[in-house]
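One structure coming up, written as structure tokens, with questions to follow.
First chain written, first letter: the chains are A, B, C, D, E and F, and each begins at residue 1.
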Amino acid sequence: MKMIQAIIRPSKVEEVKNVLDQAGYVSLTSIEVKGRGRQKGITQIWRGEEYKVDMLPKVKVEIVVPDEKENEAIELIRKAAYTGNIGDGKIFVLPVEKTIRIRTGETDGKAL
Amino acid sequence: MKMIQAIIRPSKVEEVKNVLDQAGYVSLTSIEVKGRGRQKGITQIWRGEEYKVDMLPKVKVEIVVPDEKENEAIELIRKAAYTGNIGDGKIFVLPVEKTIRIRTGETDGKAL
Amino acid sequence: MKMIQAIIRPSKVEEVKNVLDQAGYVSLTSIEVKGRGRQKGITQIWRGEEYKVDMLPKVKVEIVVPDEKENEAIELIRKAAYTGNIGDGKIFVLPVEKTIRIRTGETDGKAL
Amino acid sequence: MKMTKYPTIAASSFLLLLLLATIAMAGDPSGSATYTDDVAGLKIATNFAWTLVAAFLVFFMQAGFALLGAGALRVKNTVNYFAKSYMDFSIGALAYWAVGFALMFGGSKLFAGLEDGSSIIGWSGWFLSGDAYDVSTMMFWMFQVVFAATAATIVAGACAERLKLQAYLIYSGIVTAIIYSIYGHWVWGGGWLSTLPYGVGARDFAGSGVVHAVGGLVSLAAIMLLGPRIGKFNKDGTPNAIPGHDVGYIVLGTFVLFFGWFGFNPGSTLAATDLRISVIAVNTFLAGAAGAVLVCYWTFLKTKKVDIALTCNGALAGLVGVTAPCAYIPTWAAVVIGLISGLIVMYGIKFNEWVLKVDDPVGAVAVHGYNGLWGLLAVGIFADGTYGGVSGLIVGNTGQMTAQLIDAATVAVWAFGTGYILFALLKHTVGLRVSKEEELTGLDMGEHGYSAYPEFVIQEQHGDIIMMEPDSRANDHSPDGVRT
Amino acid sequence: MKMTKYPTIAASSFLLLLLLATIAMAGDPSGSATYTDDVAGLKIATNFAWTLVAAFLVFFMQAGFALLGAGALRVKNTVNYFAKSYMDFSIGALAYWAVGFALMFGGSKLFAGLEDGSSIIGWSGWFLSGDAYDVSTMMFWMFQVVFAATAATIVAGACAERLKLQAYLIYSGIVTAIIYSIYGHWVWGGGWLSTLPYGVGARDFAGSGVVHAVGGLVSLAAIMLLGPRIGKFNKDGTPNAIPGHDVGYIVLGTFVLFFGWFGFNPGSTLAATDLRISVIAVNTFLAGAAGAVLVCYWTFLKTKKVDIALTCNGALAGLVGVTAPCAYIPTWAAVVIGLISGLIVMYGIKFNEWVLKVDDPVGAVAVHGYNGLWGLLAVGIFADGTYGGVSGLIVGNTGQMTAQLIDAATVAVWAFGTGYILFALLKHTVGLRVSKEEELTGLDMGEHGYSAYPEFVIQEQHGDIIMMEPDSRANDHSPDGVRT
Amino acid sequence: MKMTKYPTIAASSFLLLLLLATIAMAGDPSGSATYTDDVAGLKIATNFAWTLVAAFLVFFMQAGFALLGAGALRVKNTVNYFAKSYMDFSIGALAYWAVGFALMFGGSKLFAGLEDGSSIIGWSGWFLSGDAYDVSTMMFWMFQVVFAATAATIVAGACAERLKLQAYLIYSGIVTAIIYSIYGHWVWGGGWLSTLPYGVGARDFAGSGVVHAVGGLVSLAAIMLLGPRIGKFNKDGTPNAIPGHDVGYIVLGTFVLFFGWFGFNPGSTLAATDLRISVIAVNTFLAGAAGAVLVCYWTFLKTKKVDIALTCNGALAGLVGVTAPCAYIPTWAAVVIGLISGLIVMYGIKFNEWVLKVDDPVGAVAVHGYNGLWGLLAVGIFADGTYGGVSGLIVGNTGQMTAQLIDAATVAVWAFGTGYILFALLKHTVGLRVSKEEELTGLDMGEHGYSAYPEFVIQEQHGDIIMMEPDSRANDHSPDGVRT
């Protein structure tokens, strides 16, 4: 199994979730993060002084899928999160060795 | 080493922590997340309109253990987080290649 | 590629980021977490009663690097996050199988 | 205000006294001519104190509006709403000082410097200069300006989360200086509505119509032209809930508004020597309480939950509804008015969302607009003849109701009409709406360059919301952890 | 209120004047018979203005209670607490209008429409109808209703985080309409306590007993029947700290309450022509300040930290303690009373948690209950005879102390007893407590279907708390990053 | 206050009347000798009511200061700031009761018990005991103590996020009891500044100098000795922005302060029978509005953003600027004063950060210090001679300006000088500054042992901030998601 971690714009979360939902990937976890990448940060103002915040709010969506679904899920996320502008984010894939559903004790394939 | 990621109910965090503590697993990290699984979400109300929120607050507990402790730790968490109702959550196990304690520079086994 | 997860003091985040920045590691993600380790927690007071909070606020910095940069990045973080006191935190290294830049579709090396 | 409020008991009125004095002698900037060390002078001083303290309370309502609105919006638009709330009274104060007051009370001859005007419009007292540099005129201005600011601020809530700040700032000055002031002239400035040949003429004691209906109906025109927020309506036209970010702010704002209303209504006598102030205060309290109680129980019976945000709207609805009649009615009528106001606000919000399909994030149209109209009619129904010679249907009098109907129709046409024209003009000049990108990111970043709570970790709510199918509502009320 | 407050100087009192007037002529709804254009009329108007403004300030205390309580609770119960705070005054207003006022002041003959009643209970003035439709009666009602609402709201804090909303709403009406009003009759409505044959009879100037002790001791009965929150006590019976979610709300709530107290105490003369108002205001300020200073330094000396949440309780304790005696004492006594109040609240909270083992999330029992009783006794100690003929121990008089002791004992028995019966009845009918599941999830979801701050990321605190062993307290104060 | 405010119209003044009465008869604790049932007595009662209500409003400003400051700071120092805000008025009240009032008004002979003192310092009225146990003296004390507390609290904001609580608590008592009171004696207590032989002597109607300049300039001395917060200045001396954690608190605090200012300025007549109160209220409103409007548009034109936090400072600047002249000027002058105040605050903040290189987290020095001085001079410029015999440059009179310049110079030297000495002494005794570790962790944990919002997930902001190079400002305003 793989854990797909997608770091995306907050404004794209809804779209990503909907797309995954429709394709049958209902289960997922999301986390508020802050990130820095090629995007340079945005200018803010405080009492007349301008300054730049280089860590921007992003959302990390984590979804664990069976190996064979990896590419499909990545493609779905990529398309839904795309705007073409810097700051669109990144997807990381990590190996998952075991999955257990707490309620039933089922493992791996059955637990997803 | 393994990183055990358990996504559990917020109301079960205390119990999980206590159980781990007593079994000698003091060190751990927790993160507030929102998740969607088989649980369908809960109904909320705003100015007379009912709606459903499908992402529910969960807590992700991360604990890195030596390979041989993996199963014990999983069992402890599973029992403590169990209620038998949908929404109990899931446990994922990821491989960890290296661990370093910042204060001492010790690595791996010694760093846990 | 590797995902380096460093759990550090909130007051050290700025230093860690600056050091990484100067060494060319601009991209990273940070998450607010709470953690328990050897550090025993701190005493707090509420309406005249003292109590101890055992989960302390920490920041988890995640940075994905090519395999060959792993050690350099770890060293940089370790030095910047070091105070020598309990609570300095830990670094975990996880394998990453794939990286995709959403904007361009580039993968792996190019996506970092 | 005075003339139109109780002309039939004018002989016993302190203001007439002042009137005679001030007209005879032009402006008295120091007050040393107006005040004399006897019963007459002391009476003036007592009423100055009363009116000014009431004005200060009404001023504080601005904070209530700011809180109420901000709490009902999402985090990303909080700074923007606070900025609008803050700036509208600042700009409004200058606009009303320069122009509005003269349009509204010129020709009323109520105080020095207000000599010139017709029954349609006034034209004296500009900049409070000349003879209007007078302690009595200033006392009166102070009470009036806080009302003018209230009318303007109502619109901020209805248009929130998408209206350009720049358009708002322009709008704000124009409503205060012109739309509000001209209609106000007709009712409180001695204009034609106050002298209608039915009953004693149209009566709107503390401004259900002048303040609230104007604000609420300009709001309606504005949100029609502005369109709903992204995500408010689904493709099939059904509305989505977009919950506010701080329920504490909503409740606190309602408390502050309720508190300020005790300046708004009882203060509108401009005189503590008019002892009816106590009845007015009691009626105000009871109507607000009744509006809240109705909504609280109604929603509880329907959903088994107490919807406190809607209940707060119910309280405000009751307060708006009783604002016009508060001086003329017995206490039981205040309770009845409040209960009906509660119904109006609940069904008014549903009507706006499901029938008109307009998006009013704070419920301003239902709270202020519909209940403002209701308040005008309530005068014609419940006035019991014990005060100001105003008698309504409950004492068998129909003439007053005619006057009130004309007034309600007039304000509906005037406020909606001028509001529509104003916002249409703005739409084709500076533009009404922020870009889609800015709306999604939030107006705080776009218009202000900072966010309200930069150190708190925030999560977008909107992406998680699924509206309930009307038929699936019965089940699934289970909280987290209950098998469904 | 009047009769019992300073009967010995009744001749100089404006109310008696009114009394004569109103009794002779039945209700005067317009005020035109009560007000006359001379010194007598103007005096009435001045006192109307004073009393009404004071009533408005007291009304605003509701916002203070809401903030104070909400800040001391966890996020997951915030909406619920705000809802209780908001609804109790709404329901209370209607209950007091219908029933409470008539029970409390019927027979006092203070104003028109209050003729019938005995020294145990009153029975006239229902619904403010009939002769009670009178400007003076209404002025008086307005001041009284805000006090009645205060008594009810105190209990909300003590029972927070676990009491069913439905039980609370029923409770709220009954306390305001009956428990509060009947005891109030005995002290302020001309009842038996005010005419005790010791000193000048029991005196409770602005309600340490009538308002605060009643609220605080009903609270004690309620939390005994209700039981502690899950997690408050360990198996060995030691209490855990459950910190509140917003210290800013606690401080802000205290400011608002302090502000409102300037209506509560000085307003209780019902007359600005009673110039003692200035002494009352000063005593109020000093006692509140002294209570805060004591707690601030006491906790600092013990823990090297300033416990501002507890300090706010100290300020309120001082205010409660001085509420009964504020009119009768010199300024140094106000300072002493405030200091002692600070001690009472600190040790009262400890006593409740460690000895009684009851769970009072906001400290209502100690702040209002114990200090309410202390205030009654303080009259018997510190009254210096300069006002209302009330002389206490410091001027060598023991009779007044006897009356105060009887009053204190009476309120303790009455409030605790009726409170216990009421909550026991509720427990066996609608039930007092939410389900364990709902308590853990929070009452906001269970009773209201939404959370207070839906966009903020929240973390449960309770799971992280370990109470300190009493002997391990010395070490380990180190902040994050210091080697321990 | 009185004597210096309108000595030339003293004959018509109610206070003189009181004066004659009280001096003849020593303290009147019950008020029964002061109040008589006639026009004279009623006048006193009316003015008591007015002054006390105004004092209550000024008291409430403490909540405004607390909110304003807390909102402008980081989460980790919120409890500490609230604690300072709360404790300074508590300690200040006791200090002013014991010592300050006697130093300030002793010898003024304004009321009973204030007989002894010189033109430099007073020495009677300690502890409000002896003859000062008098209703009129108490009324006066109540109004004065809330002003004293205001002066002290201003410094809390300037020193926030690094000043030891213990040092603050000591400072607070000393400023209120001594530094504020002695200078206050010179201006309001009949001291030498009020009797300067230029114009009618120095005039500071409601305390631009006495309250605000004192607070603001003591602040300047304090922050010079204290040094900037860690991270405020870069190695090259350029300042960094450290945004506040809650913009809502800033706006709400400003609303509360504005509301309270209507007690501060109009209340300073101590008399509703001085009908100039209406002009004062209007001028107060207009100056505050003008200050806000100027800053709002000025920043908008420069940055295309509306900086609402700075705009709130603009409103307060206008209010501070008009505080001294509010009684003496026509309305257009209030607008002009407010506009200039807006400029002063914007450039004052820049001057402090870029030239003096001091760190004032809330802008207290610019808002209160610089605008306090401006207010004193504005009297000399804009007084139009219609009130109190004060005539400035606009009516061709230069004498008054001389007096005002002397006053401004005096307060600058006195407040900065004594403030510097006091903080230098504290620095070498208890120490001014918390440890570096505590500052980084936040004063909430270090001084109080808890955090303001324990259940909210908080992220440090400071680490993310990069100041803009002055030349790189033009580009890169794009919100998230726009290609840069």
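What we mean here is this: a residue touches a chain if its C-beta (ideal position, glycine included) is under 8 Å from a C-beta of that chain, and two chains touch if they have at least 3 such contacts.
The shown structure was predicted, so the numbers you read here are calculated from the model rather than taken from an experiment.
Considering the contact criterion stated above, the chains in touch with subunit D and with subunit F alike are A, E. Because subunit D and subunit E share one sequence, their contact can be compared position by position; here under half of the interface residue numbers appear on both sides. Centre-to-centre spacing of subunit A and subunit B amounts to 19 Å, using the average Cα coordinate of each chain. Centroids of subunit E and subunit F (each the mean of its C-alpha atoms) stand 33 Å apart. Subunit C and subunit E have Cα centroids lying 51 Å from one another. Among the residues of subunit E, those touching two or more other chains are numbered 39, 42, 46, 49, 53, 243, 303, 305, 307, 309, 440-441, 445, 448-450, 453, 456-461, 463-464, 477, 479-482. Residues of subunit B in contact with two or more other chains: 11, 17, 31-32, 34, 42-46, 50, 55, 57, 83, 85-87, 94-95. Applying the touch definition to all chain combinations yields A-B, A-C, A-D, A-F, B-C, B-D, B-E, C-E, C-F, D-E, D-F, E-F. Those residues of subunit C that touch subunit E in the complex are listed here as 9, 11, 32, 34, 39-57, 83, 85-87. On the side of subunit A, the complex with subunit B involves touching residues 3, 17, 26-31, 64, 94-103, 105, 111. Those residues of subunit B that touch subunit E in the shared complex are 10-11, 13-14, 17, 32, 42-46, 50, 57, 59. Only residues 9, 12, 39, 42-43, 46, 49-50, 53, 57, 74-75, 243, 245-248, 251-252, 254-256, 258-259, 262-263, 266, 272-279, 281-282, 285-286, 288-290, 292-293, 296, 303, 305-309, 311-312, 315, 330-332, 335, 386-387, 453, 456-461, 477, 479-482 of subunit F touch subunit D when the two sit together in their complex.
Partner subunit C is touched in their complex by these residues of subunit F: 440-441, 445, 448-450, 457-460, 462-464.
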